[in-house]
Structure formats: structure tokens, C-alpha cells
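Here is the structure we will look at.
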Amino acid sequence: MPMKKGSKEVLAKAEEYLAEIQALAVKPFTIMEVCGTHTVAIAKNALRELLPPTVRLISGPGCPVCVTDSSDIDRYLHLAAQPNVITTTFGDMIRVPGSDKNLQALKAEGADVRVVYSTQDALEIAKKNPEKDVVFLGVGFETTTPTVAVSLDIAKREGINNYSVLSMHKVVPPVLRLLAEDKELEVDAFLDPGHVCAIIGTKPIEFMAEEFGKPGVVTGFEALDILEAVVMLLRQRQQGRSEIEIQYRRVAKVEGNPHAQMIVQKVFEPVDASWRGMGLIPKSGLGIREEYASWDAARKFSLPVFHSPETPGCQCGEVLKGRIYPTQCALFGKRCTPLKPVGPCMVSSEGSCAAYYRYFQRSDD
Amino acid sequence: MERILMAHGSGGRLSHELITSLFQKYLGNSFLNQMNDATILPGQEQLAITTDSFVVSPLFFRGGNIGRLAVCGTVNDLAVSGAAPMFLSLALILEEGLPIAELEQIIQSIAETAKEANIAIVCGDTKVVERGSADKLFINTTGIGYVSRTLVNPQQIQPGDVILVTGTIGDHEIAILSEREGLEFETPVTSDCAPLNGLIDCFFQTGVKCMRDPTRGGVATTLNELAQQGGVCMLLDEEALPILPGVKGACDMLGLDPLYLANEGKALVIVKPEAAETILHKMHSHPLGQGAAQIGVVMEGKPGLVLLKTPLGGKRILGMLEGEHLPRIC
Amino acid sequence: MCLAIPAKIVSIDGIIAKVDMMGNERIVSIDLVPEVRIGEYVLVHAGFAIGVIDDQSAKETEELLLEVADAYEEGE
Amino acid sequence: MERILMAHGSGGRLSHELITSLFQKYLGNSFLNQMNDATILPGQEQLAITTDSFVVSPLFFRGGNIGRLAVCGTVNDLAVSGAAPMFLSLALILEEGLPIAELEQIIQSIAETAKEANIAIVCGDTKVVERGSADKLFINTTGIGYVSRTLVNPQQIQPGDVILVTGTIGDHEIAILSEREGLEFETPVTSDCAPLNGLIDCFFQTGVKCMRDPTRGGVATTLNELAQQGGVCMLLDEEALPILPGVKGACDMLGLDPLYLANEGKALVIVKPEAAETILHKMHSHPLGQGAAQIGVVMEGKPGLVLLKTPLGGKRILGMLEGEHLPRIC
Amino acid sequence: MPMKKGSKEVLAKAEEYLAEIQALAVKPFTIMEVCGTHTVAIAKNALRELLPPTVRLISGPGCPVCVTDSSDIDRYLHLAAQPNVITTTFGDMIRVPGSDKNLQALKAEGADVRVVYSTQDALEIAKKNPEKDVVFLGVGFETTTPTVAVSLDIAKREGINNYSVLSMHKVVPPVLRLLAEDKELEVDAFLDPGHVCAIIGTKPIEFMAEEFGKPGVVTGFEALDILEAVVMLLRQRQQGRSEIEIQYRRVAKVEGNPHAQMIVQKVFEPVDASWRGMGLIPKSGLGIREEYASWDAARKFSLPVFHSPETPGCQCGEVLKGRIYPTQCALFGKRCTPLKPVGPCMVSSEGSCAAYYRYFQRSDD
Amino acid sequence: MCLAIPAKIVSIDGIIAKVDMMGNERIVSIDLVPEVRIGEYVLVHAGFAIGVIDDQSAKETEELLLEVADAYEEGE
């Protein structure tokens, strides 16, 4: 979101934050932004340029598209190619490459693939096409999952039996734990995802500060939000604290959104899930509960499990773990571009590689 | 088997690839290779020619319809090339089943817009295809103009030049998206669809070096093209971009960037710095130039590079449109 | 990872509400925020209101950011 | 609610109704009202302009493809108007999913045909529409020519004039029909699709009064148009019509009349009687005029009437194409 | 069929026939051509012009399109408008107007209407679209009926259950009887339909000569065929004979085509049928037998019987009975043209009114 | 009322034959003329051979009309 034009106060506030950052960043401080939307906001506002060299922002596994495993992608492509299926999806998934194609190419071959803005639209399509099977590709973290849970609950309640969801949903805390446990990871603090926490609250991520001593700030998506969060993290360091604080107070509460938690709990259950480049993470995914089995595309279509190799050469895994910058991948900007992405990090506009490609290329590249 | 994707028609990078790998490869010649909005033809009277097909859906939208669009699109390509739009061909592809009343409304609108743009429709063609073989109505217009002005083209662009836009950006595409099936929302935004030759007549003067209408692919893609063709680097000022609140709100909602949205009644105008103020003033004096603004400058730097200065003073690269400009949630 | 934008509730009909986003109006589900009332701001993600924006805390602590909300009002 | 029917695109009577009731009503002006293959524009250099969209299915057929057709169709409209084809615009509407290899073949064919016709492709446009919103590929070409010859037009036709055709009739449409889905048959007939400007250069001389290419609606409909525009009556000789046996056999099979079949490489040429023999002779000297024949004469009589003399000597009226030209069993 | 070009022998033969006709036609002689294809051949070859004024050729009810009743048309339009139906039809039916529209208009509104060349094509469409109901509009006389019977037999044998036929088929002999019984009809002799007789032979029409003293000649469709038949009829008069003779010997046999008769007999049974402008004629139609009920569109879709008024002003009935020439209808060429036909006789190119419109208009009209 | 044209049987495969009509070849059903043999002429109506043309009687009595058949041969 670009800022309101000509806002002198915003500029003044930003300068205030930057001055404090400058003052506090006496030694190197590495912050990982977990959320892809933060990656994009940082890139769009060119914040890295404004920060002192001691403050390093690295991007984590925060794009649900990027972390979707090749096997899952090949699986939904297999499903989308079925003759009687209408595949509904958020626009983000259209170009994600599986082993050899993507939804966009499948659509060009004749598959009925429709971009929707909401699961409500997908349900509408199901109602309007009773003779077709309408599948929604359930991709997303805690922010998105409740909207998919609601759609499944409605489908069950209203008997919309030609609607189903292929759940590839994931949850954030287990991957944070994985990161925290990683000895090689050199991250001092986290910008925690504002919208995920708007749903789950801060409790599920408090272990980061308590168990692992990694401070975190639940952050909003304006440039000022992010700068303020950096200030808050630097202050924690200065004061020797390790807490999960909320910068994004107008939206995120300690307790999150209980309605959303309830519906997710009702429809989904934790399952182990493969993350692109990070492997299987226990209880990091959400499967559809037995009670909703008839609306679970995986069961309904008896979908086989795919074992697709990782895209050769793609270092998404390393990027997602914050071990390398996207530009350090040998394919970046060469064989891998947003137009012909090799890895999923290049696909979604909030994918780390795509965000870098779009906003960080230097004129001397 | 490689197939045509929707993204090949986005006006972005894949469209450019198709042009290079297929059209220039087989058809390339000194005319086609001009790669401007209109091609300048040789002859006693210098002619400019341009062609466009219009496939917009829905046919009617806030602020216009496909007929008005088909006239404006071609008139504008001529006008931004520095030509006076003179003659227009009109070719219709009708889908069986199209209500004739709708066709009549569109033809009426074509007549009115042609009059408004002071261009004569000189030849036509009508084809009908089976229901399901077209989306209601496609229109091609090809336009011819006389070039009487000093030449404008991207080759004249130099560091120091100033980038103007004649008004708010993104209006047209938001108006269209708001009526797209499955995406419907109510918006205060109307398409900017208008013939620009009157406005250009009003502000044109020495110092105008290049003009282009930022249609498919939007301001960002068009400036990338100009920067490449002119071999220059550009710097836009994000805060200076004229954007309606309704366009901003809709973009936020859909996860889109106004810089990549199509416009149908706006021109990007690159001018000598010393002429910028006068020209901007003249733009403001015309009804279609009310929102005109200086949005950037041409700089020394890597040829083809377009940068954007953020409100906080950072700079980032503004690339071409990649793939389709789809609504997204991420 | 999840675009979400503030919008003002204009009308409510069961679990469906019309919201205003800088003059653009769209139907969203309020299934996840059943407590919301007309005139309040919600955060919209993928056609769902996923949270009510705390006007109070916003007003108190983040005056500057409220300009965003102001801009939304202007756009109406 | 009145809707567009397939028959509105047949080139026959319903097409003419649409033109009169809608296009002329709203758009009519002295240019459009010329109603010839190409419109003659004023100016220092006299220009001729014409536009056509091509929607043929299948894209590839015996003797050509949509690309070759798109070049020939427009070149021929210019050539029969007495103009030298100079410049061509090329606008493509692609259906998502079109194999790029097919597109490449077509573009290649366009390049070759343009070379053969000695016309330069000077500007282009590409749009992509969703799968199901178009039938693979539609092409619009708009052509510009310079008029250097004495004017030809239907107003010059007089009783006594002689009607020539440059070759066999009906070949193109039979070639297309033989590959139409659900109608497939094997035929020795190939489309006549060819650029006629070379042939016309070869036979053109004083005494040529009017030329027209009998495309949609065929020879019968085209002559009806000429008889109406020229205010004359015409008499064709059924026995003199050059028709390939394969075309005759296919017509018998499908219940069609070759006089109403589309041609894409033939011209009807109305000439002064004293020049007829020389012109016919010149036609025969050109590869594309081998089958040229005198097929009728212009007579005194009811303006607009076209008659056909049968082999046994009876006469009957040859009207315009009514509705679609559909295969029938009755 | 236009004749072979430059055939001097043909011309000489024609002149020979015409000379004999001239010689024999000492007093007025009215011949009705029963078959629409004869009407077209006569018109196309401008034969009327060549005949002496004493020989008058009038057109009978020989176009199956023309004699289809409005009620039947409205009935199939009703069926064709059903959402899951693909209507297959010969091109001839596309423009036939019912009470307020035709197939062409229905198609423009979205009905799936496909012109086929053969019932084989209709069966193919049925096989390719198993989820749709494919209906074939069964229109035609004895020449066409066997081809439809075969399709029904195949559909039953192969279990193509989404194929059905709406039978509006008619047979010729009963209407000939009706004409012969008509006191007002002034017809001396008949050109009998060559292709109908190729199927049924001459026995079923011999009553015309025997009971009613109306000579007939089974005639081919070349100009020479027709001229020879006229000669043969004039000779019968001269010789005071009244027989059914065969001019079209290369095709039509006394016994007809027994295979075709058998399959028609197997699939269809005689029913009373309404003829446009002529009313109900007993046993003049063919209904689908009980054994094929599942492939009978009327039963399958429980189609209501329509009672549509005749088109006001249209004199097709009189034209079909040979009582008036098409040009004598007040609407002919004015409100009624092939493009906007009022009555069905203007629709098919072999309809009497259409044939007249196309070929007989005089320059002084 | 029933367009039908002569065509020569080129090949037979069960109840399906390929026929030649002045050089045009099409598949027709020979369900109604099971006795027909390659090289014979049939009358084709609506995709079906509805009768075999009697070459004998055609030859004997209608020489002139046989020119039509000749023309068909030429067209091959």
C-alpha cells in the first residue's frame, strides 16, 4: 500500500523512527520477516535502502504459494486436468510451476480454471454448475484458512455436494520452531505476521521468545508499521528483553479472532506437511476432518500422492530458511524470472525471489 | 506443445516475446520495426497508420462501451504519434445471438465518438461467427492520419527531460474489472476512455519529444518500452502519481498496482524541461487534462531502466508487467 | 502472506455485509466477525472480514496511520 | 428480442439489410456510401482503403490457410478497385490455447503471401481472449493502395458491356466445406486463394470498366450488387460458367449452387465489348487467369436484375443469396 | 443439376422432345409435379418457358418442409429450446417459421442446433455427447424415411440411448388420393416422384391411373428426363391410356427397394398426419413403433401436442393442392420472401413459392 | 423433394462404402443396398445409398443421360 500523498507528518515520523534505528543499531542485527506481504511492503517502499547497514532484513517462509511442495502442485494439476472438474483458485496460483506445467498452461490446453477472489465465488460457481465438480485449491496460512473453513461448513450445511477443497493449508508456528531450532540460522529477531496473528493471536508464537530467546513484533504493513517494529525489536535488544510484542495493535490482539479459530478447529485438523525446500514438518499442515470427508477433494477423487522431485537448481529452500538472498541463487534473473519461474518463490508477487526481482534489481545488475 | 496463454495478450513481457520471436522474425521490415503507436508511411503526404482490435468484456461499462473504445484507441494511437487522425476503418466480428439493440447502441456510440474525434469512418466489414465462437462482439479499427507536426518519437528522449501524464491513472481498467463476472463490485470510478487529439492539439508545441498512451500494461510497462526504445533511464515519483481514491481502494482490494492498469484516455508526454511548465499549464486548460501532472524525469543511467522513488525516499525498479495482471490475495 | 485491507461496514444482511473501500463497495462475508456493526471498520481478506479494526487503539496510538482511514472517508 | 443470426454474415440479403439499417443509418458518409471493395480517399495522392476480418474455420485448408487468405482478401479488394496495394495492417485475435506452432505457420504464410503480392505489412496488433471466447484465430487486415489507373466502378457499366471471370468458380468454398466438422469429404478441389494484383496488372487496359472479387455470396450475389449499383441488367450464360467437375460434384452432393459459393482468387471484370477479346487473351497469358471466360453480357432491362440463360435456352432470375448457404437434402 | 456443358446431343434431343410435345399438345394439358425437386429442376432449367402454352406444369405438395404443419414446427421448437438438448436437422429446416420463430432464431438465442448431412452424423454427435440428448428432426417422404429408420435401428441395437427422433415423416400415396378425389383440382396427369418411387416402386401409386384415370410417369431430374416424361404423358393421352409408366428407368423399378421398405416397416407404422394447409390426412404419416419407443422424442420428452393456427394470409394449402400459382398469393414477394418467409412453401429451396421466387420472377414484376 | 445424386462405389467396408462423386469422395451407408458391389453406381441421398443405378437400362435407353456418368468419370 503506497502511503497517502504529501503526508509530511508521515515523513517526519519515518525520520524519527530511522533516527532511533540508527542510534540503536550499533552492532549487526538480523531480522527475518516471516510474512511475504512484509517482504513486498519492504521492497515496494525500498526500506532496505533506508536502513543502516547494520540492520539486515531477510525473508522467511511467509508466502503460502512459495512453500507449496511440487508434489502438491502436481497433484492439483492432475486433478485440474480431469474433464468434469472446474478448478477455482486465487490468482496467485495460476503460474506456479509443477514438475512440467502450471495452471495457466493447463487452462490453455482446455482445463476449466477460474480465478476467484473468494471462496464465496467458488461456492457460487458450484451452485451454477451442478453437473460439474468444483474444486477450490486451499492454499494459505492462518489468515486464509478460516475463509476456506467457512466455505466447507456452508457446503456441508447447504448440501453443495459438487464443491470440494484440496487442502494444502499450512500453519506458521511449527515452521517458526523449525527455524529457531536451526543452528545455522543467524536471525536475531522476527517481524511476526500481522494478519496471521489477527487470527491466532500471539500465544502460539510466544515460545519463540520464551524458549528460544528470539524477540518478535507482530507488525502491520505500512512503511511506518515496519519501521516502528524495527525500532521495537532494537529496543528489546537494547533492554535485553525477549518478548512477543504487538506493533499492529489496531488489528492484532493477544487472543486473536476466536470465531475464526473455532471454525478452523471444526473443519480442519493438524497433519504433517511437506514444505517446498524445507521437507516434512510435523503438524504444520491442515487436513480436512472426517466429518467433511465428502467435501475433501483428496478423498473424493481418491487422489494419488505424488512424489515429485524438487526443481533442480532452485534454492527456494535456502531462500525460505533465510540462508541466502534470492540474488545468491544461480538461476535468479537468468533462467528464473517471474515470467518463467523455475521455483515457486519467483511466482507469487510476495514470493521472496519475485519481490527481489521486481523491486531490488540494481541498475548495475 | 507450446500454446497461447492469456498472458501473451497482457501487453506485458510475454506479449513482447511473441512480437519478437514471431512477428518481427517473419514480418519485420523498416515500417513494423518502428514499434510505435502508429507507423509513419512514406509518400508525398506523410501518413501515419495504426491498427487495434478491441475485445473488451463486458461490452458496456461505466464511462463507455466497446464502440467508443474502438474509436478512441485508434484515434489516440494516431494522436500520440503526432498525426492528425483522418480516416478510420471499422471491422466487426459479431457472435450469433448478439442482441441487435446492443449492436445499435454501440454503432451509435461509434458515430458519436468519431464525430467528437473529428475522424471519418471510411470503410467497414462485418463477419458473423457461430454462438460460442466469439465473445459477443470484437471490433477492429485501423486509422490513418496525416503527419503535419514535427516528429515525435522515443529516440528524441534525453536525460533531463520531464515526464508528464495527462491525468489520473488506472481508471479504465478498474471500471472494467468492477463489472467483470465473478468480481463484481460497485465503484465510483468510470473509464477515462476519450479521444485525445483535441487535448494534444491544445498543448502540443516545440519541446514535446515523445507521446504514448499507456493502455494495456499501464504506465509502468509503457515507460519501460520508451526507456528501452529511447535508450534512457527514468525516475518516477510515486507521490506525484495522480490516482483517484477509488482506484487506490480497488487496487488494494484486488492486490493490483495502478501503475500496471490500462488507461484509455491518457497520454504520457515527454518534454524538454524548459517547456514542461507551459505544457502542463495548457493541459490543465483542457477538459481532458485537468488531472495532468509531472510524474518523473529522464536520467542518465542504465538504458531501459525505470525507477520509482518511494514516499520515504527509497528507490526501486519498476519493471514491465509480468504475465497477466490477476487479482490476488497474497 | 495475506493481503488484507480496511473497509467500512455500510450495511449488514445476515452473515453478509456491504463494505466500502475508498468508495468501492463490495459484498463480504462477516461469518468470522459476527459481532461487527454498521460504521465499524473491518479488515477484509479474500472476500471475508477477518477482524474488526480497533478504532480506539488506532486513534490513541497510531494517529498518523489513521490518515489512511481518513483517506478512505474522502473517497466515499 | 432481435438477435444477430448466422445469415447476417452470409454476404447475402440479410447482410445487406444490416448494412443499410444500421451502419449506413448511423455511420453513412460520402466515403462509406461508395460501397465498393475499397474506398477511394481524397488527397494529393489518391488512396484506396479497405478492411476485412477473416474468421475461416478450419484455419488450414486445401490450398491455403487463414493467413494467406487475410493477405489475399485485402490485396484483392484494393486491386479490383484499380489501386496498387501498398500497405497492410495486421491485427490478430488469438484464442488462449492456440498452438504456437500453428500460429507460426500462419505468420510465415502471411509473410510469403505479402511478398508474393508485393505489399508491406506496416503495423500490427495482437489480442488474446479466453479459451471459448474465439474460434482459435481471427485476423483483420486493412489495406491501403495508391490509385494510379483510370477509375473503375459500377457506375461505368453500360448495356453491351461484357462480363468476364478470371477463372473457375466456387473452388474456395468447396475446399473449406470439405474440411468442415461433420461434413468432411475428400475433394480434389483446392482453394483458389491468391493475390490478384499481378493478374490485374497483366490484363488491365482501357475498356476495363469495373472489377469485383466474388467472395462471400459468390458470383450471383456480386453481380446482383453490381447490377444494382450500376443500374443495369445482366444476362449470364449457364453453359459458359467455368466450373471444375469436383466443384460440380460437391455442389450436387450438398445441394448447393456454385454461383453462390465464395471465391478468393477470382475477379469479375466488366469490359467494353470491343476490348473483351484482348483482355481475355491477356488473362489467359497469366498463371492465375488460365480459366478465364466470358460468362455474360450487360443488357438493357430492369436495373438490378440478373438473369441466367439455361442450356436449353430458357431464362431465369438469379437473385442474391438468401440466408445462409446451407447443405440440404431437399 | 445443370447439364453437361456443350452437349450438342442433349440440345438436339431436347429439341426433338419439344417438337413432339408441340405436336401432341393440341389442347390444354395440366401436369402436376408432385415432387419439389422436380419443381426446382423445372424452374432452374426454365422449362415452363420452353413448353407450349397448352402444357401447364403446376406444383404439388412435394416438399416435406412445406407440408410440415405449424403445430409440428412449434413442437420441435419447444423441444429444441430445452437446455440439455442438441437438435440435429437437415439444413432445410433451419429457417422454417413456426408461430413466432424458427430454429435459426432459437439457435441465436442459445439453443444447440446443428445442421447435419445425414442421420449418421446425428448418431455420431450423440456418441460424442453422452451427457446430452440428441434429437433428430425426422422430416421427409419415402426417400428420406429409410435413412432415419436405419439410424433408429442402429441406436436400438447399439444402445445409443441419448439419441431420439421426432418423426414428422409423411408418405405420398394418401395425399395423391386426396388430390385425385378433389373435384376442384384440374390436373390431367402427374409427374411422379422419381426418388420416392426408387424406394416404394410403382405399385402404391397405381390406383391413380387405375381408380382415377390419372396417368403418371415416374420421372428423373434432368431437364431431358422431365421433357421425356411430358412426352410420355402426352402420348398416353393421345393413345387414350392411363398408366403409371417409368421414365426414370435407371433408378426406379416397379418393385422399388425392398431393403428400404423392410426397415421402414420395421421401425415405423402408419399414423394420421396433419399437412400444412391440407389438414389431417388419414394414414399419411409415419409414427415410431412401440418397439422403438425409447428413441421416440415425442414419447421420451412427453411432448405436448400443439394446436398452432395456420399462418394468417398464407395460401400454402392452395398452392400445395395446385389450386393457385404461388404468385397468386397476396403475400408472395412482398411480406413473404425466402429471407423472411411467411409460409413454409417459401422456406425450402424446393418449396413451390421459393422456387417461383428464385427462378420465375419476371423483370416486369 | 429429395436430392439424390449418382456416385460410384470405390470401396466397401461392412455397411459403409466410400463413393466418388466427380472426384469427391465421401463415406456413405450401404445399409439400404447391401447387394451393391465396387464399381457400381448408386444413388446417394442424405449420406445413404438408396438405390443401385441400373447401368444396363441406362446404357440401352438413355445414352444421352449417361454423359452425366461420363462426366463423373472425368472428374475422378
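Letters A, B, C, D, E and F name the chains as they come in the text, with residue numbers starting at 1 for each one.
Here is the rule we go by: a residue touches a chain if its C-beta (ideal position, glycine included) is under 8 Å from a C-beta of that chain, and two chains touch if they have at least 3 such contacts.
Keep in mind the model is a prediction, meaning the values are calculated, not measured.
For chain A and chain D, which third chains touch each of them?
Under the touch definition, chain A and chain D have B as mutual neighbours.
With centres defined by CA atoms only, which chain is the most remote from chain C?
Result for the farthest chain: F.
So which one's got more C-beta contacts, B-E or D-F?
So, comparing the two chain pairs, more contacts are at D-F.
Taking all residue numbers used at the chain B/chain D interface, answer same if over half belong to both copies and different if under half do.
Result for this pair: same.
Report the inter-centroid distance (CA atoms only) between chain B and chain D in whole Å.
So the centroids are 35 Å from each other.
Where the CA atoms of chain E average out and where those of chain F average out, how many Å apart are those spots?
The answer is 22 Å.
Between chain C and chain D, what's the gap in Å when you average each chain's C-alpha atoms?
Result: the chain centres lie 61 Å from each other.
Approximately how many whole Å separate the CA-defined centres of chain A and chain E?
Chain centroid spacing, chain A to chain E, equals 71 Å.
Multi-chain contacts in chain F: which residues touch at least two other chains?
Residues 1-3, 5, 45-46, 71.
Quick check: what residues of chain E touch more than one other chain, meaning two or more?
If we look for residues of chain E contacting two or more partner chains, we find 1, 7, 10, 36-37, 63-64, 90, 107-109, 117, 121, 140, 144, 350.
Specify, in ascending order, the residues of chain D that touch 2 or more different other chains.
Chain D, residues with two or more chain partners: 3-7, 96-97, 248, 252, 255, 328-330.
Can you name every pair of chains that touch?
So, checking each combination of chains, I get A-B, A-C, A-D, B-C, B-D, B-E, D-E, D-F, E-F as the touching pairs.
Would you tell me which residues of chain B are touching chain D in their complex?
Residues 1-10, 15, 18-19, 22-23, 26-27, 29, 31-32, 38-39, 41, 43-45, 47, 49-55, 57, 87, 89-101, 103-104, 107-108, 110-111, 114, 120-130, 132-135, 138, 140, 142, 144.
Spell out the residues on chain E that touch chain B in their complex, using ranges where they run on.
107-110
Within the complex, which stretch of chain C touches chain A?
So the residues of chain C in touch with chain A come to 1-5, 28-29, 31-34, 43, 45-48, 50-51, 53-55, 57-58, 61-62, 64-65, 67-68, 70-71.
Okay, in this complex, where on chain D does chain F touch?
These residues of chain D touch chain F: 178, 185-189, 244-246, 248-250, 252-253, 255, 328-330.
Show me the residue ranges of chain D that touch chain E in the complex, using the header's touch definition.
Contacts found on chain D: 3-7, 13-14, 17, 182-183, 233, 238-239, 248, 252, 254-255, 301-302, 305, 307, 310-317, 319, 322-324, 326-330.
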